[in-house]
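I have placed the structure first, in the form of C-alpha cells, so that the comments after it can refer back to it.
Order of writing sets the labels: A, B, C and D. Residues in every chain begin at 1.
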Amino acid sequence: MKKKAIKIVTIGGGSSYTPELMEGFIKRYEELPIQEIWLVDIEEGREKLEIVGAMAQRMWDASPYDVKVHLTLDRREALPGADFVTTQFRVGLLDARIKDERIPFSHGMLGQETNGAGGMFKALRTIPVILNIVEDMKELCPNAWLINFTNPSGMVTQAVIKYGKWKKCIGLCNVPVGALIKEPEMFGVTERDLVHQFAGLNHFHWHKVTDAQGNDLTDQIIDKMYVEDSGTPANIHDVKFLKEQVKEMQLIPCGYHRYYYMQDEMLTHGLEEFNGIGTRGEQVKVTEAELLELYKDPNLNYKPEQLTKRGGTHYSDAACECINSIYNDKRTHMVVSTENNGAITELPYDSIVEISCIITGKGAMPLTWGKFKSAERGWVQSMKAMEECVIESAVTGNYGLILQAFLLNLQVKSGACAQELLDELLVAHKKYLPQFAKKIEELEATGVASKDAVVMDLMVNGH
Amino acid sequence: MKKKAIKIVTIGGGSSYTPELMEGFIKRYEELPIQEIWLVDIEEGREKLEIVGAMAQRMWDASPYDVKVHLTLDRREALPGADFVTTQFRVGLLDARIKDERIPFSHGMLGQETNGAGGMFKALRTIPVILNIVEDMKELCPNAWLINFTNPSGMVTQAVIKYGKWKKCIGLCNVPVGALIKEPEMFGVTERDLVHQFAGLNHFHWHKVTDAQGNDLTDQIIDKMYVEDSGTPANIHDVKFLKEQVKEMQLIPCGYHRYYYMQDEMLTHGLEEFNGIGTRGEQVKVTEAELLELYKDPNLNYKPEQLTKRGGTHYSDAACECINSIYNDKRTHMVVSTENNGAITELPYDSIVEISCIITGKGAMPLTWGKFKSAERGWVQSMKAMEECVIESAVTGNYGLILQAFLLNLQVKSGACAQELLDELLVAHKKYLPQFAKKIEELEATGVASKDAVVMDLMVNGH
Amino acid sequence: MKKKAIKIVTIGGGSSYTPELMEGFIKRYEELPIQEIWLVDIEEGREKLEIVGAMAQRMWDASPYDVKVHLTLDRREALPGADFVTTQFRVGLLDARIKDERIPFSHGMLGQETNGAGGMFKALRTIPVILNIVEDMKELCPNAWLINFTNPSGMVTQAVIKYGKWKKCIGLCNVPVGALIKEPEMFGVTERDLVHQFAGLNHFHWHKVTDAQGNDLTDQIIDKMYVEDSGTPANIHDVKFLKEQVKEMQLIPCGYHRYYYMQDEMLTHGLEEFNGIGTRGEQVKVTEAELLELYKDPNLNYKPEQLTKRGGTHYSDAACECINSIYNDKRTHMVVSTENNGAITELPYDSIVEISCIITGKGAMPLTWGKFKSAERGWVQSMKAMEECVIESAVTGNYGLILQAFLLNLQVKSGACAQELLDELLVAHKKYLPQFAKKIEELEATGVASKDAVVMDLMVNGH
Amino acid sequence: MKKKAIKIVTIGGGSSYTPELMEGFIKRYEELPIQEIWLVDIEEGREKLEIVGAMAQRMWDASPYDVKVHLTLDRREALPGADFVTTQFRVGLLDARIKDERIPFSHGMLGQETNGAGGMFKALRTIPVILNIVEDMKELCPNAWLINFTNPSGMVTQAVIKYGKWKKCIGLCNVPVGALIKEPEMFGVTERDLVHQFAGLNHFHWHKVTDAQGNDLTDQIIDKMYVEDSGTPANIHDVKFLKEQVKEMQLIPCGYHRYYYMQDEMLTHGLEEFNGIGTRGEQVKVTEAELLELYKDPNLNYKPEQLTKRGGTHYSDAACECINSIYNDKRTHMVVSTENNGAITELPYDSIVEISCIITGKGAMPLTWGKFKSAERGWVQSMKAMEECVIESAVTGNYGLILQAFLLNLQVKSGACAQELLDELLVAHKKYLPQFAKKIEELEATGVASKDAVVMDLMVNGH
C-alpha cells in the first residue's frame, strides 16, 4: 500500500532548535517522505521565524530532497491536512523564562523553568494556548498526531489529553536520550546491547538497565556515575547525588532530580548565577542571539555545532524518530509522555507518565513498570499531585489550587513566602494569564508588583 | 562477546510433540547454537521416550548441525547446567486426561482438560510435580529459564512463580499463535503489518488488532469470523459465538471462550462425542499411537504432517521462538503467561496473566493493557479467582478450597452435583494426588467410586 | 434547634406492604414527627391505592398522632417539599414479575425476580422510571432523601446515584435484617451483644460475626446453620449450602446465594413450582389479593399478621429505621446499598455495594471491609460486572450489552439459548421497555413471541 | 455474662501524664472495673516512677474504688495476664528529645519530635524497643490489647502491626480530641451534634464536619479559624494557615500541618526559641520537674491543673476511652491509628492510617474515607512513603533507607546538608541505636560528632 506523503506543521517554528528538527527529517527522508513543512510563529517572533525559516529551506535545498518550507503567522493557514503537528513554542518568549527564573531567585528560591515555580508558571501560560491549538486541530486536521516538546512537557501533554480530549498526543523529552547515549559508552557497547527501562514523570523519572542477558547493570552504572561524567544535560548544574541514596534506590535518577534531592547545592549555584553571569534563561538568550546571527549567514545550510551545546539537544531528533516510528510502525523503544493506564501502578490510571514505550502505528504502548519502592513512590506521587493542581488551575484560573501547587512543590519554600512569590509571578506574567485576570487585578490593587530589578528592567524595555 | 553454547532440558521429552520442538530448534540453529538436548521422561513413558528420542536424534542427524539428544528417566541427571528447561509433561499420561473428560461428561458436565473440571484436576496433579522440578532446578541449574507449556499453562506458571518462587519462568500457549497466523491472511498482509494486542488469562484471553497506521481492524475481523473459517484450534469444536455479543465487546475472544459463552452447544457436542466416537483425549490417544508408529520408521527424519493436525500445534514453535528471543534479546512480540504487575489493572498485581509482551534478554516485559469493559472484566476476574483457589488447593490439599473452585468454575453445574463430581474425580485420580490422600481415603470409606464404564475399564486394564 | 416536621412521599404507595411502613412510622413517631404522608401510585393501581390508603389512614387514626395520609396518582402533586421519598413500586405490577419468572422456567432456567433473568428485566423496566422520578425530585424537592426498596435494590440505587446523579439515595434490603434477628437468638443474646459486619452486593452479600469481646462466632453460626432453621427469607426455598464450602469461606452467605451456589437444587424446586402450584409471583398474587381483602375491612386498623409471612417483611421497618437514623443522626448500624468509595477494595470505587454502615445525618457512612478471599472476590466481581451491563443497558437500550449481561449472569444458561430467552423476555415486556422499542420491533418481525401458555393467558386477559 | 476484672499495664508508667490516665480510669470505673494497674519503667526512671506511682495510688485511694497500683522495673513481671498494655515510654528520656530538637535547629532545620528529623529519630529509637515488648506480650499476655501513645504514634503502631505481627494494637493521638472539643464550642453545641470525619496519618490528618442534618460546616469552621482561637495544641506555635489554601481544601488541617504548610514561619519561631528560651523539649523538662515536685506532695491526690497545659493533654483520656470502648463494645467514634484496609483509597492497603473509627469489642473499624483531592493526596502519599522508609530502617538498620527518608521528609533541607544532619543525629543517639552500631562507628571514625553546645553539655552531664 502506498502511503500518503507527509505534511508537518511546527508551532513555534521560529525556535533556534528548528535546524535540528530539519536535520532529523532530512536524515530520515528515505523512510519518512515529507512533502511540506509549515513553520508557524506569532507576530512577536516574526523576525526569528524569517531567519530560521530561510535557514531551514537552505538545509532542504542542500539535501537531495525537494521539500518546501512554508512560513506563516497564522496557524489556521498551516494546519489543514497536517499529519503531524509538533509544538515547541514558548509563550512570552525567553523574557518570560527569565522572569520565571529571576523572580524565584530574588525570593531566595529555585528558579527552574520546568518543574519549580517557573515551570509551574510556564504551564499556566502554555496550557491555555495549546488547548486552543487543539481546538483548531479538531477542526482542521482531525487525524493528526500532536508531538509536543514544549515544556513542561508532561503537564502540557496531560492537559492536551485530559482537558483537550485529544488522544493522539505524545510528549517528548530529551533527557532519557542522554542516558541512552551515555550508558552504552560506559560499557563499550551500543544502545541495542542494553535493556533500558524508564518510568516516572517528565523531568522526574528513573531507570534501570540490564545487559542483553538480563544481568543487572544499574548498580555498576551508579558506581561509574561517581568516577565518570554522568551525562547530565548541559543546562543542569552537575552536582553529584548522595551516593548512599542512589545505591539504596538501585535506580538511576534523572538530571532534574537534583533540584529535589540536592536542592541546597542547586539553590546555592543558582543564586550565584543569578547574582553573577545571569540565570540559565539569560545565558540562553545570549546563545540564541548568537545562533540567530549564525543562521543569518546565507551560506549556512547545516545545523551548526553550537546548537548541540544547548540543554535541549536531542529533543528534535527524538521528535523525528517518534514521527518516523508512528508513520512506519517501527515499534522503536522510546521514553515518552503518554497515558499511564496502570503501567505505573501507584499513579492515577488516567494521568500522563513518562515511560518506556514501544512506538507503533497506533501510538505509544507503554511497557508495564509496576511498583516503585517506598521513597520513589512517595516522590513521584507528590509530584503528580502537584502537576494535577497546576494543570487544573491553568485551565480554570483557580487561585487556591495554584497556591496548593506552590506549597506542594518542593522547590518552593513553604509559608507566606510561597504566596508572596506566587503573587509576584502572577503580576509579572499578567499579559499571558488571562484566566487569572481578576485575581491579578486584585493583587495589583493591593500593591503587588514584580520587585526584581532585572525583571523590572525587562518589563520596562518591553522585551 | 561470545555467548556460551546452549543446553536444553525437556521434561516430558517422550511427548509426540517433541519432533515439532526439534524442528523449531533446527530452523533457528544459526541464531540459537544448541549444544545438547536432554529429553527426560518417567518410567511409564520409557517406551515413548525411546521412540521419540531416536526420531529426534535422526532429525538432528539429518540437519547440518552436530547436536546430541540425550535420553534419561532421571531428571537430576539432565538438569545440571541447563540454560532452558521446557516442561511438556502430563502427569498420569493420556489416561488421566481421559478421566478428566469422561467423568464430568458422565455427570452431564463439560469435560475439558484445560479450564473445566478436568483442567482443574490437571492442575492438581501437575503443580506438586512442577514444584518438585523447581526445587531440583534451584539446586542444579539456578540460572536456567523454565519455559512451561504443560497445561493448564497459566495456573502451572503461577504456581512456579508464586509458590515455587522461581521468577525466571514463562508460560506458553499456542492459541494466540493461531490468530497471529490467520488474521493477516484475512487481509492479505503479513503478521508484521498488523498491531495485535492480547490480554487475559491462559485459554481465556481477548485481543484487538489495528493496521500499521493505527486504524482498528477488530470490527472487520469480527465480521469476517462469521463468513470465514475463524482459525479455531483443531481441538475445539467450532461453534460460532453470538455475533451481537462479540460486536458489543469489540474484542476477539479466544477459542476456549466457547466453553463459557456457548456452553450449551459445547456440552451437547461433547456429550455426543462422549457417547459416540469418544472424547478428545480418546481421539488423541489414537492419533498419538499412530504418530508413534510413524516415529518408529528409522527412515523418518522430519516432522510428519499428521502432527500439525493436533490441537497443540505451534506450542513447540512458540517455545523455540521464546527461547531464541531471550537468548538473543530479540524483543519479539509474543503472547505469554507472565507476572501481571499492573498490566491488566483489575487483576491482582502479583498474579500471572497471558498478555502481549516484548521478550527480552531479561524475560517477558508486558505491554500495558489497562482496563477491560465491564463484562470481560467480570469474566476474567472470576476466572482468576477460580485459578487461585485451584492453585492454593493443589499446594495445600485444602478440600474446601477446591470445592470453592468447582462452584466458581462456570463449566461445572453448581449444587450438590458439583461436589459429587469433585469427589469422584478425587478418587479416580488418587494415585497422583498425594496432597489429598486423607480426604480420598474418607471418600472411599463412604463408597465414592468412579462410575463411568470406560474410565473403569481404563483403570482395570492399567492404561 | 427545633426541627421541621417531616413530609414523606411513598411512590408505589398502593403496595400491600404500606401498612408495615405505617406501623414503622407510628412506633417511631416520638422521635420522627411526621406531618404528612403522600401515597402515590399509577392509574392501573388506583383501586389498590384507595384500599391501602384508607387502611393507612385508619392506622394513624387509631394512633395518638394526627397525621394525614394523602393519596394521588400524580407524583408531581406529592413531591414538593418532601423530606423523604420512598420507592416501592413495581413497573408492570405482579404480572410482569410472573413473566420474569415463568418465561425463564419455560426455557429450563431459573426465574428469579431479583438477580436472575427476571431480575435483570425488572431492572430494565424500573431504571428508566426511577430516573424520571429523580428528575422530578431535582425540580420539586431538591433536598429530599430517596430511600429505595424497589428491587433489584442495588442496581436501582446505582442507577439513581451514577446516572441520575442523585447522591442522597440509600438502597434498602430486608435480607440482612433477618440475620440480625436470627443470629442473636442462636446464642440467647440480643443483637447489640454481637458485632456484625456485612459486605457484598444487594442479595449477594456475606457477613461475619463476633461477640462483644471480639471473639469470632462465624464458625459456630455456620455449624448451627446445619442443625437449626437458618433464617432464610420466606420467599427463598431453603436448601442447605454445601457445608465444606461455607466452612472454607468462614463467612455466612445470604439466602440468595442459593441461586448461585446451589443452582441445580433451586432450579429443580423452581421447575416443580412452575409446573405445579405456580411460581413465587403467582403465589404472591394470591396472598396479595387476600391481603387486599383484609385491608378492605373498615375495622382493621393495624398491620395484619399475614403480611409478616411475605418475603419482603422487614423492608418497611428498615426504611423507617433508616429515615429515623438520618433525621436524628442516630448513627445506627444498618446494612444498606451505598457508594463503595473503596470500602470493598476490589470492587469499582464508584459502584454501589451493600455494606454495614453507620447511618448519620449526612447519610450512610460505610465501615471499611477490605478484601475478600479469592472465591468470594471472584463471585462478587463477576456479579458487579453483570450489574453494570444491565444498568447501562437499561439507560441506553444497548442490546449487545444486555446480551453480555445474560451470558455473564450465572443463573442463565450460556449459548444461543440465552439469547432466545432474552429475546422472548424483550417481546413479553415490550410495553415497559421503550428504550428497546426498535429492537423489539425487529424481533417481532422475525416471529419472536412469548411462548409460555400461562404468560400468554395473562397477556390476553390483561392482568 | 460477668466479665473478668481488668488488668492494665502501663509501660513508661513514670511519665508525668500518668495522673491523667488514672483520672480517666477513675471516672470510668463503673463501666470499666479495673482490678490492678502495673506501672513499668526502667532503671533510669526509677525515681520518677516512685513519685508518680505513689501519686497514682493516692488518687485511687481518694476514690471509692479499691485498686492497687503496682510498680516495677521489670516489664516481664507486670505483663502476665494483662488485658490492656498501654505504652507511653520515651527511649532516652527528655534528653533524647532535646537532642532531636536542638541538633536540627543547629543545622538551620526544624527540630520537631514527631514528624521531622527528630521524629524520625524518635522512631528509630522506639521501634526496636516496642518490638521487644511485643515479643514479651506474645509469651506473657497473648490476648492483650496494646494501646500505644508513644510518638510518633502512627509509625510505632505500624511497626507493631506489620513487623511485630501484633494485630491487637491501636495507636492514639490527642490532636483530633482538641478539634472535637473546640469545634462544637464554635457553634454552641455539643460534640454529638456534629458529624466529624477524619483521615490521614498521625499528626498529618485532615477532617470535615457537618451538622446533624448533614449540612457542611467545614467552610464555616475555616472562616472561624481566622477570627477565633483555632484550638491548636499548646505545644505548637500558632501560625495561621494561608487562608486561600484552606478554603481550596475544604478540609481542616491538623495543627502539625504547620510544620509543612508554614515551614518558614515555624522554622523562624523554632530558631528563636532554640536561641532563646530553649526548644519545646527544654521547656517541657522544666514543666516536668515542676510537676514532679507537685506530685511529691503527699496530700495531692488529684490531677493538678498544670498538667492540662501540656501539649499531650487528652492523650491519656483518649486511651481510657478507647479501652472502655473495646471492653464494653461501645462503638464510640474515635480517631485512631489502625490498619487502612482500603479506607483511604490511595494509601497502601496494609499501612497504618489515622482515621475516624468505630471502636468495638473487636477493635477499631474504620469508616471509609475514599479519595482525597490532588494536593492532600500528594502530601499524604509522600508522608506515608517517608514513614515506610523510617520504619523499615528502624528494624533493619539500613542507612541508605533512612537517608532516603531524610531527603523525602519535607522538614529536612535536601542536599548534602541532610546527610550531615543525619550523621550527627546518629552519633548523638548512639546509645539507643544498636541497629546502626556499625555505621555509627564508621561515622565516628571519620570525625562526625554532635556539635550543638547545649547538646554537648547534656551529654557531658549525663542527663
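As a working rule, a contact is a pair of C-beta atoms (placed from the backbone, for glycine too) under 8 Å apart; a residue touches a chain by one contact, two chains touch by 3 or more.
Chain-to-protein mapping (UniProt): A, B, C, D = Putative 6-phospho-beta-glucosidase.
Model, not experiment: these values are computed from the prediction.
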Gap in Å, rounded to a whole number, between the CA centres of chain D and chain A: 44
Centroid spacing, where centroids are CA-atom means, of chain C and chain D in whole angstrom: 47
Between chain C and chain A, distance of the C-alpha-averaged centres to the nearest whole Å: 55
For chain D, residues that touch 2 or more chains besides their own: none
Pairwise touch network: line, ring, star, complete, or other: ring
Chain pairs that touch, as defined at the top of this document: A-B, A-D, B-C, C-D
Complex interface listing, chain B residues touching chain A: 3, 195, 197, 210-214, 326, 328-329, 331, 333, 341-345, 349, 358, 360-363, 365-371
Contact set on chain C toward chain B in their complex: 242, 244-245, 247-249, 260-266, 346, 374-375, 377-379, 381-386, 388-389, 392, 398-401, 403-405, 407-408, 410, 413-419
